[in-house]
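Working notes, structure below.
Going by the order they are written in, the chains are A, B and C; count residues from 1 in each one.
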Amino acid sequence: MTNILEVKNLKIWDSRNERVIVPNSSFHVKQGSCLAIVGESGSGKSVTCKAIMRLNKAGIRQSGDILLRGINLMELSEQEMRKKRGKQLCMILQSSMRAFDPSCVVGVHLQETLVEHFGWSREEITTKMKNAMESVRLKNPIEVMNTYPHQLSGGMLQRVMIALTIVLEPDIIIADEPTTALDTVSQFEVVEQFRQLRERMGCSMIFISHDLGIVKLMADDVLVMKEGEIVENGTTQAIFSEPQHTYTRYLLSTKLALNQHFKRIMGGVSVAEG
Amino acid sequence: MKQLQNVWQDKVAVLSLSIITVTTVAGIFAPFVAPHDPEEVHMELRFASASWEYLLGNDHLGRCILSRLIYGIRPSMLWVFAALLLSVSIGSIVGVLAGYFRGKTDAFLMRVCDVILSFPGYVMTLAIIGILGVGFENIIIAFVLIKWAWFARIIRTSVMQYAEADYVKFSKAIGASNLGIMIRHIVPVTLPDIAVISSSSFGSMILQISGFSFLGLGIQAPEAEWGMMLNEAREVMFSRPEMMLVPGLTIVIVVSAINYLSDTLQVVLDPKLMTSSHKLQGLETASVVKLEGKAGA
Amino acid sequence: MGSYITKRLLISIPLVLVISFVTFGFIHLSPLDPAEVVLHSQGIPTITDELLAQTRAKLGMDQPFLTRYLNWVVSCLQLDFGDSYVTGKPVWSMLGPAFLHTLKLTLVSTFAIVVLSIVLGVACALNAGKWVDKSVRGISFCLTSMPSYWLAALLIWYFSVKLDLLPTSGMESYKSYILPVIVITISYAGIYFRMIRSSMLSNMNEDYVLYARASGLTEKKITMHILRNSLQVSISVFCMAVPIILGSTVVVENIFAWPGLGTLSVKSILSRDFPIIQAYVLVLAVSFILFNTVSDIINAALNPKLRDGL
């Protein structure tokens, strides 16, 4: 199986105070698989993902190689990188409630993004988005597109982002804690959409979460981060059944206990799937 | 504490603080510091340039400009500070009461503030001077009467954030008295907010009050005040423009020092008010603060 | 939206009533007897009790307070604010033109302030921390610490006396506007510029900007989104700039001898011309409320969140 994304010796530091956030990370994502990055907040998960998109804040620098389908993203100009964002690398944010311009209806962002990458007409975009939104079980898609972000729930906005991703058909999706800000029921629905998304499009995914219950359901491989370093890396099964590192064991013991409630709801899915 | 140490490393902040301290001390001890009587007329020395005896020269009546500047500190800065202190105190009391008790008390007090704040600052001051008559005391009274309302408004917002805090609820639950809670828990945490708000309006108040004296509505001759000195210099603006220079620069230096310190204070104390989570409201409050404070510098 | 406007207007009406009452009551707090002031300003040498009583009756002072208030409100609604104690002319014939002159000055200045603060605010926010930002902020800091009348005097001395380019005072041609507008703009643009800058900066850190960037939108488009959101908050504040400046041109008008409200009000205060002071306060307070209402409505129209909230 080929690697769609390869990260080699990624170093991330804050140029203002010379603090190193991620000292030296190397990992890869296989074609069509899902890599979960777990770790507590502040462990460098988000910064790593933003580094792949080259979207960290101005003061934060990075070095190393990031190869997407063999092309080194670090060597691209900002212009070329911008064209990859959205089209090939798609990001889904945690704070769906704040991810859309609050002064415009939701459709504006969808329109602008799709025009930027594909140059489609308004009607084409509306039809494609309508289909995609229906496939993620959003009712009245046209109405949703003409609604302001604050009038929709976090779960609905999250699904709008997923629908946009479906239309964009990227090589890899980076989902930064997409379920953390949602209530349990919406979490369940959104995770379900992610699973269907992968099944349907067969695309690769990086899934950041500190929720091991969801990770177990979603991921093929798991990468455990602590204070910027990768402490363990392996298949989901291996990590969950035979954790090597003490930190992983610690995470498993604490987090799984917290997720009993969630798993009870997810239980139904596992049965249906099995 | 660490941030206070940073302030000492900021040379401009230290300079500003020294300017303010020196000015305040000179103002308080004016009779000992000033080389001459500020109202002593020497017609033979009219518009005399600087000399060893009169370091900054003499004005249109031959009075010592330096001495007048030093005596001018009292009304131009110290009295303004007193007015500020008084209006902040009234504003704090009202703001804390309104923010802590909420409900009817809050509604009533805020309606009163609404009425006062619906008169633009300058207009209200002019109205009060119009009724009470021209004079420095009346300007100070007018300022106190108007300013407390918007201090109360802002302090209320600040108090409301803390009044909902768990430790306040806890104190209530274990039966602490309202007054006790306010003094022990609310006032100390709102102090940084209050300090930032009041310091940021100090500079503009100095500018405004000197402006009224400049218009001839404030201090009356022959008393020395910076705005008044500029008013006198304005009469000879075309023949002796240099007379505008010294009092004008004094105001600019003192107000800059105060404004710089106030900005530093804001960074150091970082009050919740300015980085409020309700961004929209926070921003508007902050800009209204600035606007009202500025209203007519 | 319609119901919002109705609600907002209904809130303003009691405020206007309270303000008219306060304004009317104000004058009665004065230690001076209006009748005495009238007689003094008419230059009558000996004031007898009989004369005082006559004048009081002429001013309607013998009627009960509430009757006088109601009469006053009714006539105010017809723009009849009584006669000046000093000149004897109707107040509106003096206040009306002065109001127009001040309004002209205010509108031109507000326009200059809006343009300047948006241009500088956006330029500084986009270059935050760089030299453009630092120098503009430094200059703006120095200018806000300067008394406006002093700045005005310096400008008059340089442009009108030394270079003899612009008129020193009065309101003759467009040239007369230049210096007063510069002074007002300089003393106010600083605050609005800071507001735009900080609002731009806080918007830049919003997640919608990150998501727009992650979706591959161009920087130009993203900047437009940031600008749109920053200006939305600012529009209502800019709207309020009009009444604030309207009420605070006093110093500038006096130094440039602008025939507006500021000059008139100071003159009336010095001569204790109560009807003019009263009308001046009322007119400005009402326009303050009016602009406040309008700016709230504009704000709600632009900001869907606010509209739904109320």
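The rule is simple: a contact is a pair of C-beta atoms (placed from the backbone, for glycine too) under 8 Å apart; a residue touches a chain by one contact, two chains touch by 3 or more.
All values reported here derive from a predicted model rather than from experimental measurement.
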Greatest Cα-centroid separation from chain C: which chain?
A
Sort the chain pairs by how many C-beta pairs are in contact and tell me the top one.
B-C
Centroid distance [mean C-alpha coordinates] between chain C and chain B, Å
21
At what distance in angstrom does the C-alpha mean of chain B lie from that of chain A?
52
Show the residues in chain C shared as contacts by 2 or more other chains, in ascending order.
303, 305
Residues of chain C touching chain B in the complex:
15, 18-19, 22-23, 26-27, 29-32, 141-142, 144-150, 153-154, 156-157, 161, 187-188, 191, 194-195, 198-199, 202, 233, 236-237, 240-241, 243-244, 246-248, 250-251, 254-255, 265-266, 268-270, 272, 274, 277, 280-281, 284-285, 288-289, 292, 303, 305-306
Listed in rising order, the residues of chain B that touch chain C in the complex are 114-115, 118-124, 126-127, 129-134, 203, 207, 210-211, 214-217, 227, 230, 234, 237-238, 241, 244, 248, 251-252, 255-256, 259-260, 279-280, 283-284, 287-288, 290-291, 294-297
Could you please specify the touching residues of chain A with respect to chain C in the complex?
53, 55, 82-87, 89-91, 93, 95, 98-104, 109, 112-113, 116-117, 148, 150-151, 161, 164
Inside the complex, what are the residues of chain C that reach chain A?
206-208, 210-218, 221, 225, 228-229, 232, 302-305, 308
